[in-house]
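Which chain is which? They are A, B, C and D, in the order written, and residues in each are numbered from 1.
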Amino acid sequence: MTATRFFSDNAAAVHPAVMEAIAAANQVDTAYDGDALSVSLDDAFSQLFETRCEVVWVSSGTAANSIILAHFARPWQGIFCHEEAHIEVDECGAPTFYSGGAKLMPLPGRGAKIDAEALGRRLAAIRKDVHQVQPAAISITNATEYGLAWRRDEIAQIGEIARAAGLKLHMDGARFANSVAFLGCAPADVTWRAGVDALSFGFTKNGAMLAEALVFFGGCGGEGVRELKKRGGHLLSKGRFVAAQIRAMLTDDLWLANARAANAGAAALAAACGERLLYPVEANELFLRLSADEATRLRSAGYDFYDWGEGAARLVVSWDQDAAAVAPLADAIAHL
Amino acid sequence: MTATRFFSDNAAAVHPAVMEAIAAANQVDTAYDGDALSVSLDDAFSQLFETRCEVVWVSSGTAANSIILAHFARPWQGIFCHEEAHIEVDECGAPTFYSGGAKLMPLPGRGAKIDAEALGRRLAAIRKDVHQVQPAAISITNATEYGLAWRRDEIAQIGEIARAAGLKLHMDGARFANSVAFLGCAPADVTWRAGVDALSFGFTKNGAMLAEALVFFGGCGGEGVRELKKRGGHLLSKGRFVAAQIRAMLTDDLWLANARAANAGAAALAAACGERLLYPVEANELFLRLSADEATRLRSAGYDFYDWGEGAARLVVSWDQDAAAVAPLADAIAHL
Amino acid sequence: MTATRFFSDNAAAVHPAVMEAIAAANQVDTAYDGDALSVSLDDAFSQLFETRCEVVWVSSGTAANSIILAHFARPWQGIFCHEEAHIEVDECGAPTFYSGGAKLMPLPGRGAKIDAEALGRRLAAIRKDVHQVQPAAISITNATEYGLAWRRDEIAQIGEIARAAGLKLHMDGARFANSVAFLGCAPADVTWRAGVDALSFGFTKNGAMLAEALVFFGGCGGEGVRELKKRGGHLLSKGRFVAAQIRAMLTDDLWLANARAANAGAAALAAACGERLLYPVEANELFLRLSADEATRLRSAGYDFYDWGEGAARLVVSWDQDAAAVAPLADAIAHL
Amino acid sequence: MTATRFFSDNAAAVHPAVMEAIAAANQVDTAYDGDALSVSLDDAFSQLFETRCEVVWVSSGTAANSIILAHFARPWQGIFCHEEAHIEVDECGAPTFYSGGAKLMPLPGRGAKIDAEALGRRLAAIRKDVHQVQPAAISITNATEYGLAWRRDEIAQIGEIARAAGLKLHMDGARFANSVAFLGCAPADVTWRAGVDALSFGFTKNGAMLAEALVFFGGCGGEGVRELKKRGGHLLSKGRFVAAQIRAMLTDDLWLANARAANAGAAALAAACGERLLYPVEANELFLRLSADEATRLRSAGYDFYDWGEGAARLVVSWDQDAAAVAPLADAIAHL
C-alpha cells in the first residue's frame, strides 16, 4: 500500500522507533506535562538548535501554529502570511480563533514563499492609526506549501523586515525536517540565526503519531503559551506519550533520516516527471502537470494523489517511501 | 509503582489491549477522520447506547466538554454547572474560549451534584431581557467531582428542568464508566433516557492513552461540531490512532471491566477509611479526613495523593489498581 | 470653514432638524430602547422600504456592519467583501471581533465593486470540507468606497449568487443615501428587491450626530441581534436620543435632501476636475489625479483633503456643502 | 413627569448645560477623536484628579467597563467582582466579550461591596497552575449597586490586596459622582490614592446624554485601549459631541452639583421610608421593603419604580429630582 499512496504524508505509518518509545512511556506515570519526558524537551531542542529553547508539545500542527501566533498577536493585530499558506487556507481559521480575532494578511509570492518586496510594500501602505489592523507577526512555511526550501538568506531577508518593523517571525515547520534535509544545513541556520522567533516543528508527517513541538527562541515564549495550550484542550493528561514520540524522533536524528528518505523518494519521482514539474522538487512534494486523462490512468493503476486545480496534481512522498518504493510510480509517469 | 500512586487516574498506564489496537492501526492509512476506525464510531456507540448516536473523537476531556458546550451555547448565552465542576474550576476557561464567550453559571449542591431546587430558583430569577445572560445549557458531571454517581431519577429531574426551559443537557463523563459500573445500569439509562443530549465519554482516565468521545443523542450534533474541532486544532491528521483506542475500549466492554476494577479498588480502600470518608465511595475517588501529620506519614510511606483543602485528601484509584493492589495503602490508613 | 473642509463627511455639522429632534427628545423618558421613538423605527422603515423591516439603532457604522455580519456568520465562517471595503480596511477587525472570529474574504473589482465573476470563481474554488473556511455572507458597500452607486442589476447579480450559495447579502450603506439620490430609485429597488438581506443605513455622515440603522429584510433579524448590540455596549441607556435623530432624518426625506445637496456639490467639483478624475463621480466622493505639488498648493489655499496614494487625492463633499459652497475649490482646481 | 419617575436615572433628562455644549460643538469639525474637545480631556481630568490621567470617552457604561477590563485581563484570566455587580449581572457578558473570554469571578459582600476577607480567601484558594483561571483584576462599583459609597479606607484595603497579588483595580463609577458627593472627598481620595488603576466615570445617569470617561491613573492606559474602543465600534465619527458633554459636566463641577441634587432627593425620600430601608441611603438609590399591595398602591398613584425581588422595591432619584420634586412620593410612602 505504501507504494500506491501519494496523497498525504499524514497517511504514512508511524516509525517503529516511535512506536517503541510510546510503549516504553507506558511505564512513566506523571500526569499532564510534568513527566520526565516532557520536561526533557527544553534541553533536547536547545542542543539541537545550539541555543536555549523553550519547548511545548502539542498533538497537531494546527494547534502548534495557532498557539504560537496567538502568543505573538493580540486580538486586534494582524499576521502576514502567504496567500496559499496552510494557516490561511487549511486551518478553518484556527489562528484567528486562538488569538481572539487576529487577522491573517495574505501576501503573494512564487511557490508559496512570501515575496519580500510585496511584504515591504504592504507594510509601508498600512496607516499607523487605530482604524487599520496593525501587524504583529509574519508566518512563513518551510518547506513551503509547494515543497520549496527557504534558503537562509531568504529567511534572513524576511527576518530583517520583521525586526525593523517590530514583528515576530514564525515558521510553520510541518515539513521543517524535509527542508533541513534538503539544504543540509544546521537547524539553527534557518531559524533563529535568520531571525525566526518561534518554530512549529512538525513530526507527525515525518514518522510520529501525533506530535509537534512549539520551539521558542530568544526567550520569547513565556506567559500565555501554556494557558493557550490548556485553554485549547491541548494539555493532554497523559502527555508523556506525546513527548516520548518527540524524543524518539530526535534520537539519532531520526527526524533527519526520515526526511532524507522521503526527499529521496520525491527526487526519484521528480526525475521521472521532467518537464511536467511546476516547481523544483526540494522536499517531499511534487506538483506536476497532469491531464485529467492521465490522472485517471494513474489512478486506475492504483496510485492515489490529489488533483491540484485543473490539469495539475500533487504527489507527496512519505518517510516510508524511499526511491525504491516510488519506482513503480516513477515508471508509470514516465510512460504516460 | 501502581501500588503507591493515588493522585490521579491520568497517571495510570494504558491498557495492553489499547496498546495493541494502536499498533494494529499503524496499518491503516487514511488521514484525519476519514479512516474506517473513525467512521465506525457512530455505529459502535449507537449499539452501546441503544439509539442512534453521532460520535466525534478528540484527544482530551477539556476539548470534549468545550466543543459540546460551544455547540450548545452562543457566545452571549450561559451554561449552568456545579460550582466545583471541572469545567468551572479546572479547564482554564476552555468552554468560554470555545463558545466565544459563553458564561458558566455555577450552582451549589452536595457532592458536586447540581441541586435541582437551586437550579430552579436560579432559572426563575433570570429576567428575560437582553441585559442578563440567558442560559442555553446545563452541564453535569457523572461521576461527579466527588466521585458520586448520578442516579437515573436525579438526572431525569435535571433533564426535565432542561427540557421545560429549552436548555440542552450535557454530561461530562470523564468517569462515566465508573458511574455506570457502580450503578450496573445500561448506559442509555443515565444518558438520553434521562434527558441527556450529549455526553463527553472519557476513556483516557480509564485505560486509553488519549481518547474521548463526544456522543450526541437525538440528532443534536450536526453543523458546527466538526468546525469547532478542526478550528481548535483537534482534528489530528492521524486520527485513526485515537479511534483505535476507543474501539479497543468498547471491545468486550473493556471500558466496563476497567471501571469495575478501579471501583473495586476504591471500595476496598473505603472499607479501611471508615469514619474518615467525607462522601460515600461510589466510583474510583475517595475524599477523606486526613490531618497534615497523617498525610505526611502516608507520604513518607511512599503514597502519593492530593491534599483537598485543610485536613482532607483525595485518593484516586486507577483501572490498573484492583483491591489487591490497594491493600497496602488500606492497611496503612487503617493503622494511622 | 465648510468651504475649505473636504477630507470627510464625518466632519460635517449636524443638520438643524436633527438638533431640534434631539432637543425635543429631552422630554421623553424611557431607558434603553423601550421609548416610543425607538419603537417607532420598524414602522417608519417598513414604510420607506415598502416591506416589513426589523430595525435596530446604533451609534456607529462600524457597530452596524459588525452586528449584522456577526448575526449572519458563525465564528468559523467567512464573509466575502471587496479588498478595499471599509470593513476590511478601516474597522480594525471589528466584524471579526463581533462574530467571534469570522474571516473576511477579500475580492477584487473596479471601483470597490465586487467583481461578480471573481466572486463566482472564488466560491467554486472553496473545497466543501472542514479545513477551509466556508462563507456565510457577502458584504457590499453602496455607494462604494470609491463613490460609485451599485446599479440594481449589479446588486441583483450578486444577490443571485448569494441566494444560490445560501449566503446572506449585506449592504454597508454608510453613504446609502448618496447612492439612492444619484440613482433616483426607490430604496427597495437597491436592497431587498435585489436580494439584500440587511442594510447598514448610515445617517451620521449625512447630517445626523451619531445614528445608524440596522435594517433587516425578510424577517432575517431576530434572536442574536439585540444580544450582540447589548454585549457590544451599544444599547445606550438614553437611546431615545439616537432614535430621534433617525426619525428626524426620515421626516420629509431629509436623508434624501441632504444626500442630493452633497452629490450636487460633488458634481460641481467634478466638472472642474475633468480629466483628473479616476472614477466617475456618482455620490459625494471624488478621486482625482493630483501631484504632490498641486496638493500642496491647494492646501496652502486652505483646502483640507486626504492624499490617496501617490499622485492622487480624495475629496468628500458633505450635506452642508452644495454647489455654491464648493465653487471656490472648483475654481482653484480648474486653475491649477 | 419627573415627579413620578423613579425607576432609573437613565430616564432622566439631559441637563441644559450639556445640551448647550452639544449645540456649541456643532461648529467643531474634526472627525473621530482628534478634535480639540476630545484632546482636552486628559488635561481636564488630570486637574480634577490631581494627577496625570489618560482619558478616553465612550458612549455607554458597558463599553467603559468592558474596555478597561479587557485592557487589564488577558482572555484566559479572571476578574473579581461582587456577585451582584452590574458587570456580572446586567451587561450580557460584555466584559467577557471584550476581553476575548476573561472570567468574572463573583464574590459575596454586604450591599454589593466585595468583602475583603472573602476576596482574600478566594485568592488564597486558587492554585497557581494552568488549570485554574488566574485573576488579573478586581472590579468594584462605587456607589455600589445598592447605593452605598465605598469609604476611602475600604477601597484602600481592596487596593492593598490587589497590589500584593499583582492585580489591577477597576472602579465602575456609573454613579461615582453620587458617591463623591456623599463623602465630600476629593475624587483622588477614592481612586488612585486608594489604589484604583482605572475608573469608569459615568456621566449619562447624572445629566449627560451619552458620555462616559475611561480614566487611567499611573500611566496604565496605553496600547490596546484605543484599539479595543475602535474594534468595539465605539470610536464615533463625530466624537466631539461626546467630549463636549463631558467637558460640560466638568465645567463648574456640574457633575457634583447634579449628584448632590439627586442625593438630596434620595435623602428626603429616605427620611420618609424609615424602617422600610434595607440599606442606608448614601447615594441616589433606595431599597425598601414594600409589599405587593403597597407597590400597587404607589403605582396607582402614578409612581414608577422597579420591584426588587419579593416584598422589596428600588427607587432611583435623578439629578433633576431634588427634595422638593420627591416630596409627593415621600408623602405617599409615609402614608402607606
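The rule we apply is simple: a residue touches a chain if its C-beta (ideal position, glycine included) is under 8 Å from a C-beta of that chain, and two chains touch if they have at least 3 such contacts.
Note that the structure is predicted; figures quoted are calculated from it, not measured.
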Looking only at C-beta pairs that count as contacts, which pair of chains has more of them, A-B or A-D? A-B
What's the farthest chain from subunit C if centres are computed as the mean of the Cα atoms? B
Determine the centre-to-centre distance between subunit B and subunit D, using the mean Cα coordinates as centres, and give it in whole Å. 42
Whole-Å distance, C-alpha centre of subunit A to that of subunit B, is 34
Can you give the whole-Å distance between the Cα centres of subunit A and subunit D? 50
Counting only residues that touch at least 2 other chains, which ones in subunit C make the list? 75-76, 91-93, 97, 100-101, 130-131, 227, 230-231, 235
Show me the residue ranges of subunit A that touch subunit C in the complex, using the header's touch definition. 75-76, 78, 89-93, 96-97, 100-104, 130-133
Subunit D-facing residues of subunit A, complex: 74-76, 100-101, 130-131, 224, 226-231, 235
Of subunit A, residues touching subunit B in the complex: 1, 5, 7-8, 10-14, 19, 22-23, 26-27, 29-32, 58-64, 66, 91-94, 97-98, 204-205, 209-210, 227, 230-238, 241-242
